[in-house]
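The next part holds the structures, each set out as structure tokens.
The same subunit A turns up in both complexes below, where it pairs with subunit B and then with subunit C.
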Partner chain A sequence: MKLKKYYPIFGLILAVIFIQLLVSGIGMQFYLTQLTMSAYYGIVIIGLSILMGYAGQISIGHAAFFAIGGYTTAALTTMNFAALTDVPIVNFLIKTGLTISGMDPYGKKIIYISPWLSLFIAVIITIFIAALIGVPILKLKGHYLAMATLGFGIIIYRIVLGTSIFGEADGISDVPTFKFLFNFKINSDPALRVENYYIAWLIVVISIFILTNLINSRVGRALRSLHGNEEAANSMGVNISRTKLLVFILSAVLASVAGVFMTHFNGGIGPAESGVMRSVRYVAIVAVGGMANLWGTLIMGIILNYLSLRGYFGSYDDAVFGIILIVIMLFAPDGIFKLKYCNNFIKLIKKTS
Partner chain B sequence: MSFLEVKHLFRSFGGLQAVFDVSFTVKKGSIKAIIGPNGAGKTTLFNLISGVLKVDSGEILFNNVHLENLPPYKIAEMGISRTFQNVKLFNNMTVRENVMIGRHTRSKAGFFTGMFNLPWSWKEEEEILNKSEEILDLFHLEEVAHLYPDNLPFGKQRILEFARAMTMEPEIIILDEPAAGLNIHETEEMAELITKIRDWGVTVLIIEHDMSLIMDISDEILVLSYGKKIAEGTPEDIQKNDEVIKIYLGDDDA
Partner chain C sequence: MKFEYLLQYILSGLTNGSIYAITAIGFNIIYNTTGIINFAQGEFLMLGGMSAITFSQYFPLPIAILFAVIVTSIVGALIDFTIIRRMKKPTVLNMIIITIGLSILIREIALHVWDEKVRSLPYFTGDETTSINFFGAYIPPQVLWVLGISTLIVVFLGFFFKYTVAGRSMRACSSNITAAKLCGIKTNNMITFSFVLSAAIGAVAGAAISPIAQTQYDCGTSLAIKGFAVAILGGLGNSTGAVIGGLLIGILESLSISILPLAYKDAIAITILLIILFVKPSGLLGKSEISALKEF
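Up next, the complex of A and B:
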């Protein structure tokens, strides 16, 4: 009984392994690159599903949190501290093993912060920023909250675009390898595609495990209740502002962590990742997947991001997601998995089995 | 020492005095009804007690603790739960989950415990489930426990809201027109439930327009008109009170 809620996760693990074997079997290993990237975007999307679908708080600024994670790690790990070894903090980091030293292509010595440390710093910064903007804006509702988060997204986009340490319009490239557990490496080396694919999906599995637990817990019921009726939730003892803030931060941290790993996987990050259209895309995918439906949003997130990354939408990429959002809002406001024919289909399967 | 004591409570909306110098006390384990014509300030009074509205001045004491201007969730934590005049249920959750929310103040598991499903929360979760099943049983909701509230008939929705408030095991339950919109049978069922929970020692504060229900179940009645207290006493006293009769039936000279 207790394990029942984890069955879909076992199913996901099997599907991940099956797809890898299939893709490798037919010799199309390069598909794994896009599947890895889709997995990282999937983390942002399930995080947003918790915030939008379960807690009922919209955010059209989630690309900003993705960018905060990505840019923090990119900026920190591409900084060379070799000339600064006398500075106490740098010295301390070197001694505690939180830096990595190597050679650049010209044979000069470089010392940079370990990606584990930059991941940690990125998470801290994200929590700080999410709390800072979350406290005032989560008092807003509906359209006003949407506009405030949109504004936040634009601010981050403009900051990234105008700051030299973030590479302005070029973004940051040459982000080093993230040495994951057991010496597995996160980078864009084509020879490590399988390894990277599994690392990405491991993080998805962990995220979905955490979120599955959360929505079935006491706090999960509380955040669904505040979506249902804030006044009633409050008078049942749910601390509305605290619960909203915590779920906002959780959602932001998931986006940020995805940004960190994606940046190391791609070896760089550009300002497009923090753009408003990215945020709109996340919202569109969450809407297609059915808002309060972790698995629906994850599946749609993987499929649509995969198609987009493979270039099936061509240069109409953003337009496609805009159209998807409009069509879904008009014809299937509960997501495509809740359409009438879908229900009938499910009924049919139940009858035959 | 009184159980619940309201002293000189004031609240206005713009120029309208919704609650004007209202004082009363509620005895532990009794049913206190608040009646009065539409716009008398009854719901405002309930909203002040449950923290939905802030008071202009005056005191609300519960076991000698000040309640005025505390946020609603704090008041819920102290053991005061309520229902709403226009039923407010969580339509995105099943009937069972609606009732489970009632245990929120009686359980502790936090964000991290929830995220990692830590073992020490399992027992608590089981306790929440058991208590909810017990309440669903008592309120005859077990058959619809897997449905969503907006699929229930209105009478059942009112009972569900009542059940949700009772799952908290409150010391005081505030019922805002629990029989409004119910048919005769449903009203009877509701009256039965209210007297039943009073017998468990839960104090009941009730607003209701159904006079026969009020006269049947309440121990004490408070009458409000235009925000002011007009009368207070047992149902017999109130029935004989001239001023109350004037408010409800109109003046002889009119």
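Up next, the complex of A and C:
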């Protein structure tokens, strides 16, 4: 087993702990909230990086998968089954311990599905939808692919906006706490900032661990070959459509899982999460990070989302991402970490160490 | 459904459809000369509408629209001069990303130049109350203007591409850019010109629909998406296809309102588009052999 390729992951873990200690040390605990949200967006972004950078398939509809995850769990866990205990399915769920009962603020009894079950359901739904649209969509190339994924995103956005169980324009609020392993809780309680921060980053570390292994595996090599030239890859025995579909589903599931956790963390979700601008933002960040560069996209994703969430861009929030897209494509189409001086800098570090 | 209602729906579908068709033609002009889909096409319509509204406070309407067209054309030329020309070895993915970036940028600039208020031009002739009764359906005079202007644009473009030197050079660029260069056509200028032309057409359309559809800083996006859907439906690069596709989607969309909730209206065009993409990606009038040869 080669440990070397996991060094960056150890580095990430150390950085995560260091930042938490630093932020808590200077008494700026509230920064952790945005860092947690950035971490969840980071998961979407590394998933998209695999799809865009390594497999070479653009998706301008990734916010839709995030929304599918978030809305599935929000809709399921805010449903009250207290009046439906006679229904066999509900009864079965209660008996198997897959529901959680409690009291609402008015003292009424509520029974809702365990977030673990809703996470599972969200993943299943995402896999189903991704497979369903992935098969025809991934046959397309270039403009057609861009348009089809954009169209898929808009359809999901419209469905969310026009359906009453998804709260229409208001979204869904009062999403209950997600009891994570060892009784850790994911919710928006300010007292639990530190544990929420570590849970989010744990999920990031797990995702990046999976993806690092994927890139360095047979599938990863197949991906890069089909990015270079699909016909050549095909002639070498790579099953193009299956590989592409696999990566599409994987990256959709990552986005969806991020959506589930983020919704429990925020305690709600709104239609803006599935909007076109959100998808474009993910694409912009992947482009800045250098497309086929997991760490580059993760770092840029965290930085840009953090700045945006803290409101540093003010009313120019969207404009900043527009400018980033143009400037990066003009001057550094391979991402900010592949610029000449950056390269020299990296070489310098390598020489000295 | 009563006949009058049906007629009314079809008429409103035709109006929307002709706007989609013009937007799609705007896409086609640039696509034909450069192979780029300009995702900022919808922003040209928005700019046309917005600047016409501003100018109309100081000048009579026709002059205001003329100025709006000039301003938008300059923006189109600037896009090419400052960005598209500077791209080295652009890939399709890069071009898609950069034009999306442009569309966001133009929209945000418009938001800061104007504001987020919904505006509209006055009716070109008459007003909301002077509708014409047409077999029991009511046609506002502006609808006639929109239909007339769209028809004029289509006829003008047909003439332009067939009989003028500039138009023929642009067609030469579209069929083979290297061969066009060898024939002494300044392909770079043709590309700039295609941006100007498509911006100008967008501006005219944007001004024409402003009285009925209203103009807002972000109204371009949904128009661009519909326009793109229509362009693909008709076959990318095919202007006749764009007209047919536009009218088809416009009518289907307005009929869908009578069955489905209004919130789903925007999803109709996209769903049709996705079905077309899955079944026949070359579009209604596009030839699959040709689109198979094209790189994107």
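Brief remarks follow.
The definition used in the following text is that the second predicted complex is superposed on the first by the 349 of 353 C-alpha atoms of A that agree within 3 Å, B and C clash if a C-alpha of one lies under 4 Å from a C-alpha of the other, contacts with A are read in each partner's own complex, and residues count from 1 in each chain.
Assume a contact is a pair of C-beta atoms (placed from the backbone, for glycine too) under 8 Å apart; a residue touches a chain by one contact, two chains touch by 3 or more.
Just so we're clear, the structure is a prediction, and the values are computed from it rather than from any experiment.
Shared-chain residue A:Asn213: touches subunit B; no touch with subunit C.
Looking at the shared chain after the overlay, A:Val280 reaches subunit C, while subunit B stays out of its contact range. After overlaying the two complexes on the shared chain, residue contacts for A:Ala233 are found with subunit B alone; subunit C is out of touch.
By the document's definition of touching, neither partner reaches A:Thr96: not subunit B, not subunit C. In the overlay built on the shared chain, the residue A:Ala292 is in contact with subunit B alone; subunit C does not reach it. Looking at the shared chain after the overlay, A:His143 reaches subunit C, while subunit B stays out of its contact range. Between subunit B and subunit C, C contacts the larger number of subunit A residues.
In the superposed model, A:Gly151 lies in contact with subunit C only, and not with subunit B.
By the touch criterion defined above, A:Leu325 lies against subunit C but remains apart from subunit B after alignment on the C-alpha atoms of chain A.
In the superposition on chain A, contact is made by A:Ala222 with subunit B only, not with subunit C.
No residue of subunit A is contacted both by subunit B in one complex and by subunit C in the other.
The residues of subunit B lying in touch with subunit A in their complex are 50-52, 71-73, 75-77, 81-82, 84, 88-93, 97, 100-105, 107-111, 113-117, 121-122, 124-125, 128, 164-165, 168. The residues of subunit A lying in touch with subunit B in their complex are 2, 210-211, 213-214, 216-222, 224-225, 227-229, 231-240, 246, 250, 292. Of all the residues in subunit C, the ones that touch subunit A in their complex are 37, 83, 86-87, 91-94, 96-98, 100-105, 107-109, 112, 221, 225, 228-229, 232, 236, 261, 263-264, 266-267, 270-271, 273-274, 277-278, 281, 295-296. Against subunit C, the residues of subunit A that register as touching in their complex are 52, 56, 58, 60, 136-137, 139-144, 146-148, 150-152, 154-155, 158-159, 161-162, 168, 276-277, 280, 283-284, 287, 315-316, 318-319, 321-326, 329-330, 333.
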